[in-house]
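Okay, got some structures for you below.
There are two complexes below, and they share chain A, which is joined by chain B in the first and by chain C in the second.
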Partner chain A sequence: MTTPTMDASTERHLRDKYAIVGVGETTYTRGSGRTTRALGTWAIKNAMEDAGMGPGDIDGMLSYSNNDSTPSPMLAGDLGIRLNFYMDVYGGGSSTEALIGIAIGVIEAGMCNTVAIFRSMNGYSQVRIGGTGARAAAPVSGDALHARTYGWMSAGQNFSQSFMRHMYDYGTTPEQLAMVKVIHSEHASNNPKAYYKQRYTVDDVVNSRFIVKPLHLLDCCVETDNATAIIVTRADRAYDWRHTPARILSVVGRCCKPRIDMHYQHGPISTVAGHYAKDILWPNAGVGPTDVDVTGSYDAFTFTTMLQLEDYGFCKKGEGGDYVSSGAMRLGGERPNNTSGGHLCEGYTHGMNMVIENVRQLRGDVDDYCPQGPDGKRQHTFDYNEGKCRQVNDVGITANLGWAMPGTGSAMVMRKG
Partner chain B sequence: MAITGEYLGMPVAIDELDIENLEYFRYCAQHDFRLQKCQSCGYLRYPPGTACPWCTGMEFEWTAVEPRGAVYSYGEVHHAIQPAFRGHTPYMILLVELDAQRGEPSPDEGLRVAGNLVTPDGELAPPEMVQRVGVGSRLRMVFVNAGEGIAIPQWTIDEAAPQPERPWRYPQE
Partner chain C sequence: MSETTEVPKPIPEPDDESRPFWEGTLEGKLLLMKCSDCGEFRIPSRQHCDNCLSDNYTWAESSGRGVVRSLGVMHQKYHPAFEPEIPYTLAMVELEEGPRMPTNIVELNGREVQVGMPVEVTWERHEDVAVPKFRPR
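Coming up: the complex of A and B.
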């Protein structure tokens, strides 16, 4: 759809040398009735089948969790995969892109050839993402005395000051933010896998009950049980598998603002980590925001989508409210965002489903309600009315913007292989 | 020696190895707000930590700081997560920028001290008091005792200070 306009002539940092060749997930549920071991195994198996791989084709594994999952050796054992490398790291949002970078590094170091990355979680039925349950009543000690003592614990509570300050600094309105939910819900209504397929209006969002101002209930993402997986390998091996690969132009992993011990101490808090990450992401990719056809901007909250699109340069600083409410990120708009419905509607995976979605967008093969041809593939109509299509026409370049918190983010640019 | 206490029914504890937090909260217990002042560059820092974020200096002195400032930003919790707060909604989670060291070392920095809005005697603020406070409101610190050797620093309206005519609040009440 677009051609790169930034200097892409100088190869930088393994640009275009690696690719995602397989993606898979479980259904998005509340009450999976399965262990995280079973869910993770199911997702990796689906990603292997997507690529056309057997157990001998994968020899590396990475996962991330908040001590709420099953580590790699169990899943590798279940699937008969002999590992040359594995690592299970701590972390939630922003881990997906960071671990893709780690996978590239370990393959480049000759430690293994092909890495499966997974996130498996019962985010609704076991360790709830909202922080409710036993953790909410745990004793408060050490550095947490400067936060949890004040009822400052869940993600929404933790981010609320940054969100509020953006409204103060730039006049951003609740109705502008509500459009993020409205648009992502439109996308979800065309996604058979989405947990919430209902379309919402601005009034629905701003009249839903407050959780923590400035967040209404419908500004917050869903809690779901699910596992997701992607398979990364070298570009020169990427054409051995079933689908057109999604080639990785650049990655940024857990890039931080200063004073990450308590980022509220530094700078305008309405600026987030993307302000720093963009200076790694775009030069390494050799493209810029105007070259991107589809974005996946992490929507733990409506605000996180806006803040990141703004700080990565998709609009001017302070104009995020206008951007997200303009229709640009709607299917049929200039640059659709979270075409699966994202965390607000499809399901919560700590970022991986947005990478999976962009891989499928690049293949031209997202699942929706379009009629199937003789080969079983959807014959996309590009009619974005409810219950129809969600494939973007001729996607060349995508960007994922992952969020851990206002002070930390990750990102990735991919192109159609 | 370790400290244990209780605040709003929540057990609070500081391990004996956590020297910086032990000392910070011991001053709080005496209703004395002190921050670490770096002996190399002279900057104060918050929250307590091992080294100076501006110059890596390890030597510091606990220095009395005027516990007053203005609300830099806030969140207002209507759906509490922790059981201790369920009976107290809506409650504010404030970032109060101290007058001390405001705009230093860079124009966009300051000592932004967290806390809730409380009454002058330390109870979490009732709804009508919450509605009086927004960005720019002038606040002063009060301490709420939480056991032997620990008190929790909190914020209340500084009635002696000139207040903004209309502090900025979220548009939907």
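Coming up: the complex of A and C.
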């Protein structure tokens, strides 16, 4: 499954030279009652405290939004941070890993030393991705002629083409996909932060109403209000802070299929951008899918997780349905996926919470229901029953698979520092 | 909901690039852009052929026949104008000339749309444009 160009004996590019040293989030809510400015400073402050950093330790900031957030300099000012660099970019899913790569680039260029990346969004109470908010009122022009004219407007509708074609090409079943929700809900039941902590069954999922066939209501992620933050710095500075760093082996940012407009005009519809991204991700990381202990796969829908795991090579093309329903991605399985519950259960962050979770997995310090020792660290029991542990034993390497749409994706491999 | 609060469907507003296409719809012609240099067809409106990068093209009539490459069936209320049609089918139709066209499959008479289903164009008339949709053939 590994690519022929891979050579783990050779350092490529900036492999292992950067690390994530701090992570933080707000609570996951519906109806935060706060501005994205207040949510953002809350999450960044938590990430700074997590790292043991003060305002003088951060001099760069990056964020992404769909024009539904507050710019970096406002948040930096509120936190006493003077910036040597900032940039606020447009985008949602697939931005997390892409911005981590940009942070590495600007630090490498000598533009700043340490970058805080944040995503702050009132995703439920202000701008709903799948709902009838501002987007439903946009004018019909340009390529919208080929979409809105046909009542074709939401992410679920767009992606349904890839999902349905996968079922047709490979015989993938709704019950197999339902297992993604089942497993992520098991993980969420061991996560005190998760918005939905309830465990679901396959029957619950396939008997929930259709949103856009083949997507049932429970195949779709939760919509929440929250902010999340990640702090990136050079590996040689990464040991000055509180936790074992998560060292970055490789990143891919917004890698695309040949033509992503007008709903998959070219190429196999059931193939996603990971098919191309994998040829950057694994050779640069010097590892392959079989070396990965924990995955974090963007689960806007149950299907997005399956398509990505498949196209990144965690199973053969067409066998994604078997992979996600085999139990391999369950806590205690061969390679657990989205151990926080992900977008389907923990909260919707446009990709941030899956990276945050993997950083904590690599530290061996996931915030579950296990008792805390005198040093503040949890004493993990590895009992994965409801309301217990969600730490994976001895995590060495993680992979994050980010998603914007079937045609665009991002990814990152990290190792325990 | 009273008559006065009914929301109209989003009707295309032709611009200079797409006007020939929409004028064709009123005559029941499904027009594609055809590259004058390599012969590749494309759906409007793109200035360049993505096969040979030429910007020379003519408007050529499609047979109006194609096959469903993939689909989704919309059950959720989203845009109010489409609520009466729920559940409606969103499909990617691959035309005989090659391009894939996002559209709706209509006139099903109880049939379920399948990947691979042969379809042909049919027109939803509005005041100054007709919207190409497809039906089983």
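By definition in this document, the second predicted complex is superposed on the first by the 406 of 417 C-alpha atoms of A that agree within 3 Å, B and C clash if a C-alpha of one lies under 4 Å from a C-alpha of the other, contacts with A are read in each partner's own complex, and residues count from 1 in each chain.
Note that contacts are C-beta pairs under 8 Å (C-beta built on N, C-alpha and C of every residue); 3 or more make two chains touch, one makes a residue touch a chain.
Please read all numbers here as calculations on a predicted model, not as lab measurements.
Engineer: In the superposition on chain A, see if there is space for chain B and chain C together, and answer fit or clash.
Structural biologist: Once chain A is superposed (C-alpha atoms), there is a clash between chain B and chain C.
Engineer: Give one of first, second, both or neither to describe whether A:259 is in contact with chain B, with chain C, with both, or with none.
Structural biologist: both
Engineer: For A:206 in the superposed arrangement: first (chain B), second (chain C), both or neither?
Structural biologist: After superposing on A, A:206 lies in contact with chain B but is clear of chain C.
Engineer: Go through the superposed model and pick first if A:385 touches only chain B, second if only chain C, both, or neither.
Structural biologist: Neither partner.
Engineer: For A:174, select first, second, both or neither according to whether it touches chain B, chain C, the two together, or no partner.
Structural biologist: Touch partner of A:174: chain B, not chain C.
Engineer: Does the superposition put A:269 against chain B (first), chain C (second), both, or neither?
Structural biologist: both
Engineer: Which residues of chain A are in contact with chain B in one complex and with chain C in the other?
Structural biologist: On chain A, the residues that contact chain B in one structure and chain C in the other are 130, 132, 136, 139-141, 145-154, 156-157, 160-165, 168, 209-214, 259, 262, 264-266, 269.
Engineer: Enumerate the contact residues on chain A facing chain B in the complex.
Structural biologist: Residue list for chain A touching chain B: 130-132, 136-137, 139-143, 145-154, 156-157, 160-165, 167-168, 173-174, 206, 209-214, 258-259, 261-262, 264-269.
Engineer: Tell me, which parts of chain B touch chain A in their complex?
Structural biologist: By the definition above, chain B touches chain A via 7, 10-15, 18, 21, 25, 45-47, 49, 53, 72-85, 88, 90-91, 93, 95, 106, 108-112, 114-116, 135, 152, 168, 170-172.
Engineer: Report the residues of chain A in contact with chain C in the complex, numbered from low to high.
Structural biologist: Those in contact with chain C are residues 130, 132, 136, 139-141, 144-154, 156-157, 160-165, 168, 209-215, 259, 262-266, 269-270.
Engineer: Write out the stretch or stretches of chain C touching chain A in their complex.
Structural biologist: Against chain A, chain C makes touches at 9-13, 15, 18, 43, 50, 69-79, 81-82, 85, 87-88, 90, 92, 99-104, 115-116, 131, 133.
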